[in-house]
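Naming follows writing order (A, B, C and D), and every chain is counted from residue 1.
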Amino acid sequence: MPNADTQLMPRGVRRSTPRQFLLWILPWAALLAFGVYGAGLCLVKGLNQTHMDNRFAFGLWIFLDLTVIALGAGAFFTGFLLYILKKSELKAVINSAVVIGFICYSGAVAALLVDVGQPARFWFTFWHPNVHSMLTEVTFCISCYLTVLFIEYIPIVLKNRKLRQIPSFLVFEFELHKLMPVLAGVGTFLSFFHQGSLGGLYGVLRGRPFAFREGFAIWPSTFFLFILSAAAAGPAFILLTTWLVSKVSGKQLVRPEVLPMLGRISGVLLVPYILLKSIDTLVWIDSTSPARGFAAYQYYAWKPFGAWILFAEIVVFGLAPALILLRRRLRESPAWLLSAATLVCLGIALNRFVLTIQTLALPTLPFDPFMSYLPSWQETATFLAVVAYGVLLYSFSFRYLTLFPQEKDLSC
Amino acid sequence: MAAITPKPARYGMAIDLDRCTGCGACMIACAAENNVPPARPEATPRTGITWMRVYQISNGAPFPDSRAAFVPILCQQCGKETPCAAVCPQEAVETDPATGIVDQMPQRCLGCRYCMAACPYHARYFNWWDPQWPAGMEKTLNPDVATRMRGVVEKCNFCHGRLHAARARAAAEGRRELHPGEYLPACVEACPAAAIVFGDLDDPASEVARLARDGQSFRILERLGTEPKIYYRTTRPWVRKAAAQPGPASAPGKEPVHA
Amino acid sequence: MGFTRRDLLTFTGGTTAGLLFTPVPWGLLRDTAVLSENWPGIPQPLHGEIRTRYTTCTLCPAGCGVRARCDGDQPVGLAGVPGHPASRGVLCPAGLVGHHLAFCRDRATEPLAHGKPVAIESAAAAVSAAIAACGAREAVAILDPRPGRAASLVYRRFLAELPKGVHCAPPDSQPNGPFGIDLENTRAILSFGAPVLDGWLSPGRVLANRSHFQLIQVEPAYSRTASLADLWVPVLPGSEDEFATAVVRALQGETTDAHAMDVARTLLRNKPAIAVGGGPAVARLNAVLGSIGRPGGFLPRRDFTPVTDIASVPDGSIRVLLIEETAGGDPLPWDLLRRKLVPQDPVLVALTPWLDGCAQHADYVIPAPMYLESLDEAPTPAGSTVAGFSLSPALLTAPPKLAAPAGFVLRLAHDSATYPDILKRRVAAIKKGGRGAVFTYPDAKSTRVSDIADLWKSMLGGALWLDDPLPAGTARGADLQVCAGPPGPALPPNREYPLVLIAASAPPPHGSPLMSKLYRESGLRRPANAATVHPKTGRDQGLADGDRAIVTSRAATFPVQVVFDPAVMPGVIEMAGQAVSPASIRRA
Amino acid sequence: MLSHIIFLGLFYTVLAVLSTTVALSLYRAGQDFRARRAEAICWHATFPDLPARDRLCRHEFTGEFSHRLCDKAFDCRECQQHAALVARRPPDAAPTPREADVFGLEFPLDRLYHRGHAWAHPEPDGTVTVGLDALGARLVAEPEAVVLPAIGSHIQTNGAAWHVNKRGAHVRILSPLDGQVVATGGPQDGWYLKVKPDGGRLDARHLLRGPEIRPWIAHEMERLQASLGPADQAPTMADGGVPVNDIAAAYPEADWDAVCAEIFLLP
């Protein structure tokens, strides 16, 4: 009965009718079901269901993982700014950021479990860890950080109108919330590491001169570039989602100054990223790659991945949005702000694509051809399942939990 | 088992590209020796399992001046910063200090395939399917090698089973050292052109060490700095160029292969 | 007081924490590990006593020595016999996994009459009846894929009893007639399409001598041999003989054909030189080169059994045809065979281990033992300069209801002897002749026949008997005429068939499933359905690399996969096992 | 080896920190219940989630501030600001009338009013009578159900004193004082609880009185009006007209849960 439904929603905010909500949920649920079926096939029948092969050992899924985890970085970075640097304006989006982070990371982990050939052995990594492997670092940090996000999610859930009527929940939430800075601190620490090690993942491949980078200590330069780029992309993604949600739900969710502020944060971080990325690229072209017998130009001799991809990555999707976001006047206009944010997110995706897909497509053996790869429907379905899962979890959270505290005051 | 600890060695190969006729005996012998299953109907060159794979290379000249050569590629048993061993998250890849052989432990492999992305020689293979043999043929499996399951990576290990057998024999005779030729991988034994010379690179007296030293020998992607232990030999300049020099420039006439 | 929510929380928390100190979760972990480590449904090898046994490969005429590593009685690995005079201790890819053939699909396991299982006796009776019912001018023929065996002798005897018995063999079954090739001393080989580096004679022997002969390959196809030869002369399809003649004239200083002169020069510079690959002109060329009966050339040997080439049997003359098919043999030219049969209800008997070969057309199928399943023989190794003989002891236990072809023919002849008896007689004859030496596999030693007490026993243990060479100068050049004829004359391409179809090396019709490593899992060898064309030729026909297409020749049409290779002669289509003929290709 | 120690060390530290955090907050929660802090905490957790307009400081009504949001969850006892301002006030000599009539609602001035519309009246016998003020009373007029605390139970300032159900709205009335319930009445009696205040006497610093009442109620009326929805519906109060006795009955369209939540400070 609708009454029970409204009883679960936060007071003082409007939500769509159960009927509308159902109509919104159904297609996504269907997509999720379809995707789960595809993933199930891969688990039961094995990875022969995918179009990956011995040459394209990684495919759509790894690209997905790297991208969503970069976009999910908004959670840790917002938390870091709010709880550690006490940037209290970010209270307006922190809940949403946490939920998005949780969705991205849990989705990525789920995809990874389908991606490995022997999912039942996932815990072997904790049993006999090879601490020199970036993947170990990633596994450990991501599993820890997912726990952090889960714990950060709990208070938001406990504040649900029905649940909060249970005193013990409310008290626990209150006490937990007092320790949030600790979690934010740990989360930040973990995020810095695994965002980095995701970059390291490819930077350390000395067998793949296209991806290999020199670095500091045990970490290749991509380690640091990934941290920066993720930190820059995270806020941009929160900006986009917040805008999107308010468009879809037709409500003002945050005060008008919040989004431009997020944009500014993104822009400020983007500038050093682009700078370092350019320097890194030059060093790589000039010394790293040639030192391993590979003239850098030859990578771009293989169509379709010409030098344009490098240009797009650095200028179109990097410099351009950075400049837009740094100009107050442009930032204030929604059109500019949103297109810039979009560019930033796309740029991250492109960067991850280049590192995962292009790296594998390029031949290393002199007499080896260029490889191309198109995901199978099972792969694509699994990919879509993660997306659908995200939309669903977010929709429910938005309907029944308080993701945007300012909404209540803005709605009257 | 043997109480005698075998003498450490650094096993390697010298493959004479001028002798190889690309008959594929090495690939077949390897598959039979190591219980590699036959292809599934859906299998392609990109999903098949061939620990030893012979590539055909061309001088790139069109008809009628084309010349071909054949390059057998197996795990190059990298001796330094071994790319696959460095990246495996759960130590399923080990380099045996006593032999220099890089070994893959399928029982521990998670199937993340990170090692495959890391290997510049594409010498690692993933079990995309559960292994299957025609009814009755499982009787012909080599008792010295365990079969692998779906979802794990495998690769050449210089016929580990043969090494153990040889060591056991030596130990039984109270020897620490293996006689040269007492332990040979299946491909070496099977090559009808005797193109592959196998032995201890650290033993200056050994044939393979001598060949590795002489001017005709080179290693593929040597500049990656991973110290591979497979040496290739040829007197034909174009073969050396096509096999040793990375990049599209050195391998003309390459057309993209589509999945 | 009642059970409050807080109690519940405390309880759950406590239980979870407590569980970690019990073996339960760790036990579960271990079990998942064990499960994933011994993955269900995967065969694991047996572990019996390891023994070494010896036999001889009968899959092809090379007759290579085989060292089998056996787990109990089951061979688990095959290898060459070190020092084996014919095979030089190596096996070809197919030979290395010959022990898998017994487990292949499409095996004939019981006698069939018109597709229905019958007892061997009734099958034999029916065949005898058919033979008896032959008209006066109707022939009974046995197609012997490998003349020169003791089995061949059985066939000859049986056919001799009949009013019109023909002992015939497929084309090319004895490439050089009574001659062997003295590879060890040859300095140059001029090959007209012979797959010199791709399974010719016995691969071990050829490759062992490769370093000291020049190889000139005259062939339209960019074959394995052509691609590796010291010189490749890509002549137009069907003009091999023409070129041979040109070379002859060049040697006699009569022509100005640049290629021919070039080749002639090489031959003269590297003597002794031989020309191989068939055709009268090639025979002439050898005569001119003086390579017959000379060291480094063609040397005569003793064991030649003249046999009728099936191609030369008059069409429509055979009423009853018994076809022996070997385990590793090439597919028989079925169109050719059918022409030879009488038009009305001929009787075709297939003595074969396979159901998918000539058995498809046969009225009676007599299942022959698979390689290694029964005691068999290997005649003179291909290209050997002296007669030879070895036994091929069984390593596998054969399923019941099989009958060796020779055994079946003995049964037809109402001869009480069995095939092994025949083999025994052959060995006895060798012993009696007292010539030659025996190379025994286990100890890799050669012993004079005269010094061996029990020849049969040592032959059973794995051995190769080699005759003594014939005294020099006993060669008769004319005999080299029996070399294979030239591939059919090249018909000029026309508008309907703008291209020429030529043969590329074909995958063996039967082989271990592991052969997939070469043909499907690595692309080292092109699969049977690959049609290789020059990129330009392909594009002119509106094709792209990797396209599925249809090749149409006068004879038939085949679905193919297009492969572009700039090395291939423009204007030709290279396809596995195709006779030269005009053809067209279009996208499917 | 060293790298193993560093890496695993870090990992297990992180795990330890996480588990301690959760354990600690669980433990503290338990402590809070034992120390009777739960009610206060619930209120403190609730207060920030109330709309800003519900959280105005009482000194905004008296005009001492143009705009100020309370940051002490309506507990002026902890508020120095409040103490200072009260100290600064001139003692008003003029005898205040016994009763204030605000838009026709009686607010006896000998009573002290809580922001949650409960009043407290110290009796000579040292107990304190607690009831619903006129506005509250009209909102829950003839409630479907009233759940009163057991006699002898303890109530805390800003904690739940008693619960009232009205037209599907489940309302908890915030307690105006800390003390022990000695007697219970109900709507019919005009009072709900008699409470023996902790420390013998009523600490009333956080309760509204005298001149504060009128502006406060005025503000409350605006909120009520807003929550009742569009103003065109009769009988309106915008003109200061007397509200009907049972507002609920007069506004059948209104979302009663929302209205009560607004006025009784439910999250």
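In this section, contacts are C-beta pairs under 8 Å (C-beta built on N, C-alpha and C of every residue); 3 or more make two chains touch, one makes a residue touch a chain.
What you see is a predicted model; the values in this text were computed from it and never measured.
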Item to complete: Using the touch definition from the top, list the chains contacting both chain B and chain C.
Response: A
Discussion item. Suppose chain centres are the mean of their C-alpha atoms. Which chain sits farthest from chain D?
Written reply: C
Discussion item. Of the pairs A-C and A-D, which shows more C-beta pairs in contact?
Written reply: A-D
Response to the item:
Averaging C-alpha coordinates per chain, one finds the centres of chain A and chain C separated by a number of Å equal to 60
Fill in: Gap in Å, rounded to a whole number, between the CA centres of chain D and chain A
43
Discussion item. Please tell me the distance, in whole Å, between the geometric centres of chain C and chain D computed from their C-alpha atoms.
Written reply: 99
Response to the item:
Between the Cα centroids of chain B and chain D the separation in whole angstrom comes to 79
Item to complete: Check each residue of chain C and list the ones that touch at least two other chains.
Response: 6, 36
Worksheet item: Can you list the chain B residues in contact with two or more other chains?
Response: 44, 47-48, 55, 130, 149-150, 255, 258
Discussion item. Among all residues of chain D, which ones touch two or more of the remaining chains?
Written reply: 26, 33
Worksheet item: For chain D, which residues are in contact with chain A within the complex?
Response: 3-4, 7-8, 11, 14-15, 17-18, 21-22, 24-26, 28-29, 32-33, 38-39, 41-42, 44-46, 49, 51-53, 168, 226, 257-258, 261, 266-267
Response to the item:
In their shared complex, chain C is touched by residues of chain B numbered 19, 21-25, 27-29, 31-33, 35-36, 38-39, 43-45, 47-50, 53-56, 58, 62-64, 66-70, 107, 130-131, 133-150, 186, 189-194, 253, 255, 258
Worksheet entry | Complex interface listing, chain A residues touching chain D | 3, 11-12, 129, 131-132, 136-137, 140, 144, 147-148, 151, 159, 161, 164, 167-168, 170-176, 178-179, 182-183, 186, 189-190, 402, 405, 408-409, 412
Worksheet item: Within the complex, which stretch of chain B touches chain A?
Response: 40, 42, 44, 46-48, 55, 57, 71, 73, 81, 83, 86-91, 108-114, 116-122, 124-130, 149-153, 220-226, 242-251, 254-259
Fill in: Contact footprint of chain C on chain A as seen in their complex
118, 120-121, 123-124, 166, 168
